[in-house]
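Both complexes below contain chain A, partnered by chain B and then by chain C.
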Partner chain A sequence: MMATTWTRPWFWAFAAAALAFAATVVLTGVQGAGGLLVAALTFASFSVLVGLGQMAVITMGPGNVDLSIPAVMTLAGTLSLKLMGGAAGTELWGLLAALGIGLGAGVANYALIWLLRIPPIIATLSASFVFQSVAIWSNRGLRIKPPVSLAEFSTGSTLGVPNAAWIGLAAALVFWMLIERTAYGRRLSAIGQNARAARLAGVPVEGVRAATYVLSAVMAALAGFLLSCFSGGAALNMGAEYLLMSIAVVVIGGSSIAGGNSNVPGIWGAALFMFLIVSMLNSYGLGAGVRLILTGVIIVAIVVAASGRRLTP
Partner chain B sequence: MMTRLMTATAVLALATPALADTAERRIALSNNYAGNSWRQAMLESWEKVTGQAVADGVVAEAPAFTTAENQATEQAAQIQNMILEGYDAIVVNAASPTALNGAVKEACDAGIVVVSFDGIVTEPCAYRIAVDFQEMGRKQVEYLSGRLPEGGNLLEIRGLAGVFVDDEISAGIHAGVEQFPQFSIAGSVHGDWAQDVAQRAVAGILPSLPDDIVGVVTQGGDGYGAAQAFAAAGREMPIIVMGNRQDELLWWKEQRDASGYETMSVSIAPGVSTLAFWVAQQVLDGQTVPQDLIVPFLEIQQDGLDAALEATPEGGVANVEYSLEDAQAVIAGASN
Partner chain C sequence: MESAAPVVSLQAVGRAFGAVRALSDVTLSIAPGEVLGLVGHNGAGKSTLVNIVTGVLPPSEGQAIYAGGTPREAGVRVVAQELALAPNLTVAENLRIPQRDLRGLMWRGKARTRIRSALDEVFPDHGIGADTVVGDLPLAKRQMVEIAMAFAEGGPAPRLVILDEPTSSLDASRADQLLRHVHRFRECGGAVIFISHILHEVFAVATRVVVMRDGRVVDDRPAGGYTRTSLVEAMGHVAREGARERRIAASGVEVVSTPEGLRAGQGEIVGLAGLAGHGQAEALARLYLERTSDWRGRSPVPAAFVAGDRARDGVMPIWSIARNLSLAGLAMLRRAGFVDRAREARLVADWRERIGIRTDDTGRPILSLSGGNQQKVLFARALATGAPLIVMDDPMRGVDVGTKGDVYEMIRSEAAAGRTILWYSTEAEEMTLCDRVYVFRNGRIAAELRGEKITEERMLAASFDMGEAAA
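After this line comes the complex of A and B, so read on.
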């Protein structure tokens, strides 16, 4: 059992997260461990939500990446909070509006890719300018508070686990089912491994692509909604952190950056790691320069370790 | 006839002193970034004040232009376009203190007045309305020393790593800690001037910090996030210096009403763009203006909290718009 666990591509992300956790706890003492774990679970869950969508997109192979994630998060957070206006009883409408915005953004992204034959990188980047501008135009950067019930839910816990983490776990479970147990998941991997072969084998390539870009945008919208409820309002730059984060958790989590091979558990391991590494380096009082260098070096080391293990069966 | 016209002009000149000379002049705003609430408020203040100035016939027009990508190269091209379009003055919030110097020099050589503010440029021919960021950092520690004479552990929340403003404010904070050695900085995180990033960073470092954090020194836009992180960890609330955002002020008021919480708030008013506008207008008007001016801070103390909160739009940032008289006072202050 140990031997097989060891060779799983997600193993290294969890191992690194556990090491970073242990190194921080050495400094904080055992009484700090609980607080750190709760914080890690909470903040990792936002990265998980965007990372899962990005993973599906990247799995479709070279050239597929969704650069509109930050703008979709901002737009969904801004518009849904404006719609709710902080009033009780509007929570469901707010959530539906956010998901609807994600749906619309995903359709817009795919329309640019398919109708205008623009490469996905350019299409999602240019669409993100439009989304960001609509967010600016709609509210000029004013932070509207979420309804109290949503603020309490998103910052609260159930059975000792933060609610945000429950949502992240549920989303990961759904994605695992989708990728491992459905025809959609098989088709996604087939396209990523060889799009031409997949098309000749009868896979509806464009249909799967459309569904995947929509899925990624809906996940970004959900993350934006949850994050703006969690942090007391949407901000125009709230998504900025999550572009590189969404790609980093995919790569560190053991999914293939070249596509064709995705890994859901690794997303959680990588998201926990990305939070814990910053906490660890902050706790040791290292400056920003050293911190960024070490983060980069450690990420490269994990990716090398994970891919090295996969080559030797 | 001639006499009557001259009398009319003289009466006009009396009614609007020192303004008539710039009525045909055109001033453009070159702005590098619009993606946060401070910059949005800055643009709104510009629109409001220059709109009124145009209506009053002080200047002919004063449009604002923002670059999409926050890149110095893009802004340099934008300034070159403004030169070609023949503006008389360019007011600039610069993406970089040095990378725009070439374009700014071209503008000066073409006889255009360049006034930089907030994000200033080092090119000597431009006017600079600078923020004393170091003093903004030092002041926070000074305030804490008044509140907590016995000192203690501080948490420092910094801005975006690698940005000049972050280094300056942080240097001021460290200078303040040297001046008041009863304080020591127990931990330092980067909050990127955003509540959600600050919240995450503070939540991550709190478990490793000692229990007796007495104060949090900040850079603006991060105080509310820090408060949320302290509350979530169930820790005693330290004195968190705020940065004039409405959600920070509202939180402060709620804490004050509940438990008598006291702190202060300091930042730069986004309306500083309007100060730069009037300075440009004064230069065009032929007034003698020193090349280097300093922006006054907008400070909110405990007794001014309610008034400040009332005047700040929900979800926005506390603001002041400057008038011609304010600009003249700043100029006179710097000339002495």
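After this line comes the complex of A and C, so read on.
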């Protein structure tokens, strides 16, 4: 078993995350390790939520990418917090509202792609301007706090593991089942390998594509809801860093950019790594410029290492 | 006459892939002015032999000796079975890939001249522009370009051209042009290795026929030394001549009726004939797409499609044999959204057995199979859906005689069980197996032939303008 583990595409993401963790702990000492782990699990879970949706989209092959994730996060966070108004007993409605916003945004994205036949990159990008504008218009600079119960839940832990991480783990499990065990997952992979051949084999290509863009938007909305509860309120730029993050965790996690091949465990490895690499470089006291360059170089190295492994027969 | 020094000679060549012996103890030489017909089943070792002659694979035993040093210098050229043009480049630009002497500022002009004159020579009236992007060409024209490239001047001149299933997507008249060119090439002292499952083509051009079986050369004689039957026997199959009594269509229920006049009854085998690229494939694709949904996988599956262009329309390259096989039937294998994996495994095992896919493990990648066996998987994919309508888009490309016989048998028994088969083929011989044939010309149905009237002559006549009276 050990002989084959390291050839798995997700191995490199987890190995790199472990290395970054070790390197940080060496410097900061063992007493900081627990706190670092909790922080990593918490922040990684937001990346996991958006990364899973993006993974499904990217699996459909070249040209498929969801650029509206940050805007959907912001919109869902802003509107659901406004709806709840910080009052107790509104939590479920807030969550449902956020998910509903995700659903609507996903349908809007796909409608643009399908009706206007424009490339998904353009469609999701232009839709995201609309989403962002609605968020700005409804927010008007207000900072509404989440209900106390939600704020406590999203920052709290169960059995020593942050609640956010439990949600990220559950979502990953659901996606794993979806990708590996359902007809939808098979069809998604078929479309990514060869959309034309998939259609000729009876795959309902448009139905699967629509479902996938909706799925991605719903995951972004869930992440936005959770993040705004976690950070004590929605902010208009709260989604900004999750655009590149969602794509990076897919790529580093070992899913194929060429499509057809998705990798759920890798999303978690990559999300942990993306957080840990920044905290490692931070604790070594490197400036922002150097930090960004090193982050880039390390990402490229991991992608090369992972793909190199897969190319050897 | 040229000297008889062979262009290439193989001496006790063997090749193994891991534990699998693809080729053993092959001694063979090809002299200028020879056309070597190479026949054998899928997996008999023909492709491996080609790869050794072209130098793509080094032999694991024995050696290959060339007249000019390396295969390239000896003028060895190959037209592979799976077409290998770069789809994003133009016809002329593709020539740059094998011909490395096309360089300098004006290389495009030179390439254009070379490919044009080669196309004119091999396929008069080809209608292919040198500046057309290859991806925009239909399959038959891509195959013509690739063949012309192999015969084009430039670099070391072609002295041995290997044609691996060169006519698989060409219609009869283009195939004929190619065979005539092979003759001319031979008379000028060129050598050709001609691989084809279409035996009358082999008889038409070969001066010598080599039969391969299980990685060995089992027979090697002048072409005159065989009859069709003895050749098929040498390949290891009993000929099934005359087993072609005509079936009467089962019922009068009409299953297909299109505005363009295409009709098919339940249990009927309906052929779409005519020259390649006259709208048959488009008519089939349209029909299939209308019957199936873009939005929902329906169960029971209303129609299934068998692709002929495997790479473009059929195979899922990163998947296993099993997943490729079950794809079209997913709608029926679904239970609450999940794939019922036990049922899937039974379905795959059942069809592997029924259609005879040569593998001991259907968990292997589909690309580990030879082309003919991949095609069997695509057949199984369509038939396993249980769909009442099977649409086949020239599905016998690169399939060997034995497999073809099995598949014909299967098509007939599926039709007898009440399924309707729509079948487009570039091989007129296959069309004579149908109950009814529509001959296409310029995107329209030019003639409808039934029963005894389905003959190669009538189909050919209707393919050209003089054939109006054929029906």
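Some observations on this one:
One rule holds for everything that comes next: the second predicted complex is superposed on the first by the 312 of 313 C-alpha atoms of A that agree within 3 Å, B and C clash if a C-alpha of one lies under 4 Å from a C-alpha of the other, contacts with A are read in each partner's own complex, and residues count from 1 in each chain.
In this text, a contact is a pair of C-beta atoms (placed from the backbone, for glycine too) under 8 Å apart; a residue touches a chain by one contact, two chains touch by 3 or more.
This structure is a prediction, so every number in the text was calculated from the model and none was measured.
Touch criterion met: A:Ser231 reaches chain B, while chain C stays clear of it.
Shared-chain residue A:Leu159: touches no atom of chain B or chain C.
When the two complexes are overlaid on their common chain A, residue A:Glu241 makes contact with chain B while staying clear of chain C. Of the two partner chains placed by the overlay, only chain C lies in contact with A:Asn261; chain B stays clear of it.
When the shared chain is aligned, no partner comes close enough to touch A:Leu92: not chain B, not chain C.
Once the two complexes are overlaid on the shared chain, A:Leu36 sits against chain B while remaining clear of chain C.
Touch counts on chain A: comparing chain C and chain B, the chain ahead is B.
In the superposed model, A:Thr24 makes contact with chain B only, not with chain C.
By the touch criterion stated above, A:Arg143 is placed in contact with chain B alone, chain C being left untouched. Overlap of the chain B and chain C contact sets on chain A: empty, with no shared residue.
Those residues of chain B that touch chain A in the complex are listed here as 34-41, 44, 68, 158, 161-162, 187-190, 192, 194-197, 199-201, 203-208, 224-225, 228, 232-233, 245-247, 313-316.
Only residues 24, 27-28, 32-33, 35-36, 39-40, 42-43, 129, 132, 136, 139-145, 155, 227, 230-233, 235-238, 240-241, 275-276, 278-279, 282-283, 285, 288-289, 292 of chain A touch chain B when the two sit together in their complex. Here chain C touches chain A in the complex through residues 285, 288-289, 292-297, 301, 304-305, 307, 312-319, 323, 327-328, 330-331, 333-334, 337-339, 341, 381, 385, going by the rule given at the top. Put simply, chain A touches chain C in their complex at residues 177, 181-184, 186-187, 189-190, 193-194, 196-207, 210, 260-261.
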